[in-house]
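Think of it as A, B, C and D in the order they're written, each chain with its own count starting at 1.
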Amino acid sequence: MMIRNISVEGLDQIPIERQRIELVERKCLGHPDSLTDGIAESISRALSAAYLEECGTVLHHNTDQGEIVAGESRPKFGGGIIARPIYVLLSGRATKMFNGVDIPADTIAIEAARKYLRSVLPTLNLERDIVVDCRMGTGSTDLRDIFKSRDDCSLPRANDTSFGVGHAPFSETESIVKGVSAYLDETLRPKYPAIGQDVKIMGLRDGNTITLTLAVAMVDRYCSGLSEYIEIKDIVQERIEEVARKLTSRKVNVAVNTGDDYDRASIYLTVSGTSAEMGDDGSVGRGNRCNGLITPNRPMSMEATSGKNPINHIGKIYNLLATELAQECVAKVEGIEEIYIRLLSQIGNPIDHPHVASAQVLLKPGVGMKSVTPEIESIIDAGLENITSITERVIRGELATF
Amino acid sequence: MMIRNISVEGLDQIPIERQRIELVERKCLGHPDSLTDGIAESISRALSAAYLEECGTVLHHNTDQGEIVAGESRPKFGGGIIARPIYVLLSGRATKMFNGVDIPADTIAIEAARKYLRSVLPTLNLERDIVVDCRMGTGSTDLRDIFKSRDDCSLPRANDTSFGVGHAPFSETESIVKGVSAYLDETLRPKYPAIGQDVKIMGLRDGNTITLTLAVAMVDRYCSGLSEYIEIKDIVQERIEEVARKLTSRKVNVAVNTGDDYDRASIYLTVSGTSAEMGDDGSVGRGNRCNGLITPNRPMSMEATSGKNPINHIGKIYNLLATELAQECVAKVEGIEEIYIRLLSQIGNPIDHPHVASAQVLLKPGVGMKSVTPEIESIIDAGLENITSITERVIRGELATF
Amino acid sequence: MMIRNISVEGLDQIPIERQRIELVERKCLGHPDSLTDGIAESISRALSAAYLEECGTVLHHNTDQGEIVAGESRPKFGGGIIARPIYVLLSGRATKMFNGVDIPADTIAIEAARKYLRSVLPTLNLERDIVVDCRMGTGSTDLRDIFKSRDDCSLPRANDTSFGVGHAPFSETESIVKGVSAYLDETLRPKYPAIGQDVKIMGLRDGNTITLTLAVAMVDRYCSGLSEYIEIKDIVQERIEEVARKLTSRKVNVAVNTGDDYDRASIYLTVSGTSAEMGDDGSVGRGNRCNGLITPNRPMSMEATSGKNPINHIGKIYNLLATELAQECVAKVEGIEEIYIRLLSQIGNPIDHPHVASAQVLLKPGVGMKSVTPEIESIIDAGLENITSITERVIRGELATF
Amino acid sequence: MMIRNISVEGLDQIPIERQRIELVERKCLGHPDSLTDGIAESISRALSAAYLEECGTVLHHNTDQGEIVAGESRPKFGGGIIARPIYVLLSGRATKMFNGVDIPADTIAIEAARKYLRSVLPTLNLERDIVVDCRMGTGSTDLRDIFKSRDDCSLPRANDTSFGVGHAPFSETESIVKGVSAYLDETLRPKYPAIGQDVKIMGLRDGNTITLTLAVAMVDRYCSGLSEYIEIKDIVQERIEEVARKLTSRKVNVAVNTGDDYDRASIYLTVSGTSAEMGDDGSVGRGNRCNGLITPNRPMSMEATSGKNPINHIGKIYNLLATELAQECVAKVEGIEEIYIRLLSQIGNPIDHPHVASAQVLLKPGVGMKSVTPEIESIIDAGLENITSITERVIRGELATF
């Protein structure tokens, strides 16, 4: 068996927590970009399930495309209207015929998209306020061929020369942004349905001050008037501050819907809880990276993770795996301050044998590379050995991609 | 006048040229993602011109959206056919009515898109092989209001809390990838029209070996058969090697269309010179950053630069300005090995007063921060002072955005 | 008050029952053309209701447009799949803003269309097998103006120089075709759900032989195999013959799905019960006239009745009224063998004052024009006097339009 | 050889010229309904040509579908703008693959449609003011099979139980409407380009008075102001009267754009010469019958002639043939006042053997049926014998269909 090319290096840079400025962003589930990501991933999952059931194997597809074109709405306290529907274009491509078996990829895609929208945006009326259209193609013969040939070999081959990247651990600001997002979804919205699904959280740490700026789409039907709107904003602001303060000893400021101008009646009120209803388009791959965050201070991959096929698309598999490996290293290996893992593929090679798997490690004071390198190598090697576990968990919906 | 918050820090990290692995990618003009970027930017430019002519000022718009849905083609030597047209969806939003003046944003967008496609893909038959559709909205009232209020103040106000980032100088690998792209466009294609506009260049530096992997869409009508196809591939490979070697003393390998499999008649042949004809969709903002490259080893912004309004959209202006400032610093200030500039906005603030403008400098040996800091600060300050020059040059089409 | 221009003439032609050849067709509710008609009328009704509620009056709209683009299906006994969704384009135009009130015509249209489809095609999965898209416009200013000015006068003014036509009584063949359609919908399908909603009935009377040719889309999930398919065909054939024979003493032949070729496994099996799933597009106004039939032996109007506004669109109101008047004349006036009523409008005139209302009467033997003319004139005059009753009943959904 | 079932009967009814009211309408080439008809027929012709070239035979297709969704325009004297593009949806179905040969039906359709639009609407800017989209399907397997099997037999078999109808000669009013249309296209518009292509001509004969009501879309760029607009209207009115008077001794009134209201600045001004730019949608088959007219006083077929395949689609072939046969009878047989020809098919029968070919003849005074019947029978028989000439001339574009 071929030995994997794993490289572990020390990194000599200022740890993120000591850099002066740190910026972290998260687009929550109802943000138009996240909606497209979620739809794209739902479709890939539904297709994978259908392929497995009909053909015994996941066939070629990449649904990491698609666009949400915003509608036009007239929100008003107590409940307004959506005047022009949101338009969702499903594109990408998928195998529609295999060995004489038809797989109705287009209708599977529509069903998956509508089901996902229904689950994420319970406030949206799918019978009137949205159009889900589909122009999915079948892909080029070439790609499908490469995919098919996979059946003969033990492991799929990389679809491209590309790379994935991951880091661990989360910084305080990163943890706070993720924590706030989860808190909103799991705790606060169930109590206050006026809090829409479309929340954008921007975390800015300037030295020891963390400022969280939230843009929260409020749902008009659950808001009787301006005073209730302001009341809920205040609640969000207070609770988020509490949540954030539990996660840091730094100073925390929280600002909610700072663009509001009550005098001009300009507030962030929506009918459905998403800005897609009135002006914000969305595209797959333009929002969160696969760890759920946008982190300009960290290395990032430009690849959309959502919607790509989980069999051989490096842009999906390596980003997910690199993130997992980094987390595992931090959890299991003593002395790591920060770790960055990059997996670089070579088109046509089995995916468990990247061109190079590189770990860059920032050590805690007093720790030497020798004491961490073997364990890190071993974790990376095992992760690659077991790479199809990523595929399987993606298909089962156990791995978030945005 | 308020003093700008400019921070210049030393950076203590391994210079890019001494890191073991460096990855640089460029999607040339005919790549589906670049096509959408180019269309988005063309539309923004055409709208800006129309707004200026009709209303004396650039009105609110963001056309940084849109999707190319691939067609289906049957390439063959000597000239094949496109069986299903490429579908281009223009979305985003634009002001369509201002002070009683109609601005026909939809038809302006279609015209700009078709004109751009005609110029970039002369091999594409726009009368039959493409559909350019438009579902552009008008944006939310809020955003338009903020935009309008601009008239009263000296400078536009930031549309968001966001940031832009730029670096200089280009590494060898970066320079080579850009150089190769320019060489193809300016020198090689005019001689060999079989070389399509859709080229993806992946540069991988592993230590002192630079491997350039090119995926070149060949145009079937200019290719009489497989032997000519191979001949042109060889020419591309040889010439690119020559070009690259002039730019580095490192070892250079060039590989063209490595996925080709002559036995299975699987080659990268196209009718129109772009993979959009047969399986590759494209989205705005998923390809090159505004310096024309994808550079995972460098800090990157996830924001699409193309198509955003050039008046107050931080995701456009700050990325372009940060890149220019970094280049200017390297050109004018002695002793800089690498410089990274980040401009962080605060929503509602005048765009010439970022929340913080931060420069991180990696110095050449023997140089101290004191000797560079004042000059860098001064360059950044002047750049911000003069920030509307970015806007003006964008509108005139003098600044590339992808 | 102005006297109405009513003309009653004797007609000297061979009564329909004594002409050698008579052709009568009906496209039942699930036929693609009828589906578009039904959708168009549903939308007009939903808009009228919304206008009444929001503005106290029905505003300008004409939704007598729209297209069903067929999908692709793979029917099979026991239940097949729809591989490519049916695509429904809603077009036409409607007032979307009136006196500062937004009427969300686009989303109202989508909701009405989906609701109608759900009611007519319970076998169609609206969550996956259909796309309902909307590109409805707002109409030209002119037309809207004319419509608005209506508020000042007692009665709406004709939108066009156009005409409507109606006849009575139904011939035997006409009655049979309508009777068969009702029998299928009300009696047979509830017992045999395999009988799809898309039935085309062609009645040909050649002398004293009536041949009914039915194309019945069978629903695959309710059909276990070919023998059951044939069994149901036989049932349909037998029952229809029974029904028809009750309505005539002529010879009756019934043929069901004559194109079937069992040897080549070519039968009329569908997944959803409509041929729109696999090859038959539909358009508003290309199917039944407003009496529910296509009758080439009778004068017909080419105007689509469905979807037109019920306030001032002659193509809708005059066809419905002419048909009612003809029926009323036959019911109330002794001695009429056949009557044809034509109402000709003049653009801009109040709709109760047609340019001419002309009745052509074929009398029963021994009857003279003098004995019928006054009553006919009086019925027509009263019908015109009471013309807004048509409008009201259309809005309430009490008048069929196709 | 089988004898054809030809029936010639005398008809005992009031000749059209002596009926009191006669209504004749024509939608000229630029009317939205005619535009769709023209596009549909262009596509069928282009496909037929491609099939012949690639496969040696015309393959199954029916492109008698499609929709024009109106745009939005802001006409003004001297030249206005189209703000929202006209949207053209091509649908219908066509064979895209035959014996391993790809026929790019979608792109052929787009090219044909754009080319047709360019020729008919030279005033329309196809680069900006229109979107030509395509969702053409491939038809059901069944239909394609029947079509293929045609190769074995001498003549194609009828696609349906359906009928075609034609009459001759044209009445005075019919001749006038057609003559006026030709005069506008051939003589007047070349001199006065302000006269748009979208003209609707309504001819109403009430006794011995013929009123022609024309709705003429004026082209704004060729109209400097209201006085020129009125001047051109007057010219149209005068010239049309002259033309009409040459064709009749009856009283003629001509009214042009009667809806104009100068005080309210409500006139029929357009940017492109068609009302499709600002509010009028169009559908295939809703305008002129295949003789170029809508004639409610005459028997009419509801079938769209344009776009249907010219091989075996009865709705196309029989309408064209019946019209030709009627004209031929009138030209060659003495004593015919009016003739109505109906051709009734039987699905699956060779198209030259209709179920019945029926001629109804209104004789001139003093003429007996015996003296005309044999010649009429012979003309009909020869026409059926030579029915494929219809197909050939349709493909060559020699027969108008609307």
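The definition used in the following text is that a contact is a pair of C-beta atoms (placed from the backbone, for glycine too) under 8 Å apart; a residue touches a chain by one contact, two chains touch by 3 or more.
Everything quoted here is computed from the prediction, not taken from an experiment.
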Worksheet entry | Most distant chain from subunit A by Cα centroid | D
Worksheet entry | Whole-Å gap between the CA centroids of subunit A and subunit C | 51
Worksheet, complete the sentence: Separation of the C-alpha centres, subunit A versus subunit D, in whole Å, is 56
Discussion item. Counting only residues that touch at least two other chains, what does the list for subunit D look like?
Written reply: 84, 87
Worksheet entry | Touch-based graph of the chains, sorted into line, ring, star, complete or other | ring
Item to complete: Please give all chain pairs that are in touch with each other.
Response: A-B, A-C, B-D, C-D
Worksheet, complete the sentence: Residue set of subunit C touching subunit D in the complex reads 7, 9, 11-14, 20-21, 23, 65-67, 69-72, 84, 87, 89, 91-93, 135, 137-143, 145-146, 161-163, 165, 202, 204, 206, 213, 258-259, 264, 266, 268, 275, 278-281, 283-287, 294, 296-297, 299-302, 304, 342, 344, 347-348, 355-356, 358
Worksheet, complete the sentence: Per the touch rule above, subunit A residues touching subunit C in the complex are 74, 81-85, 87, 96, 102, 104-108, 110-111, 114-115, 125, 127-129, 131-134
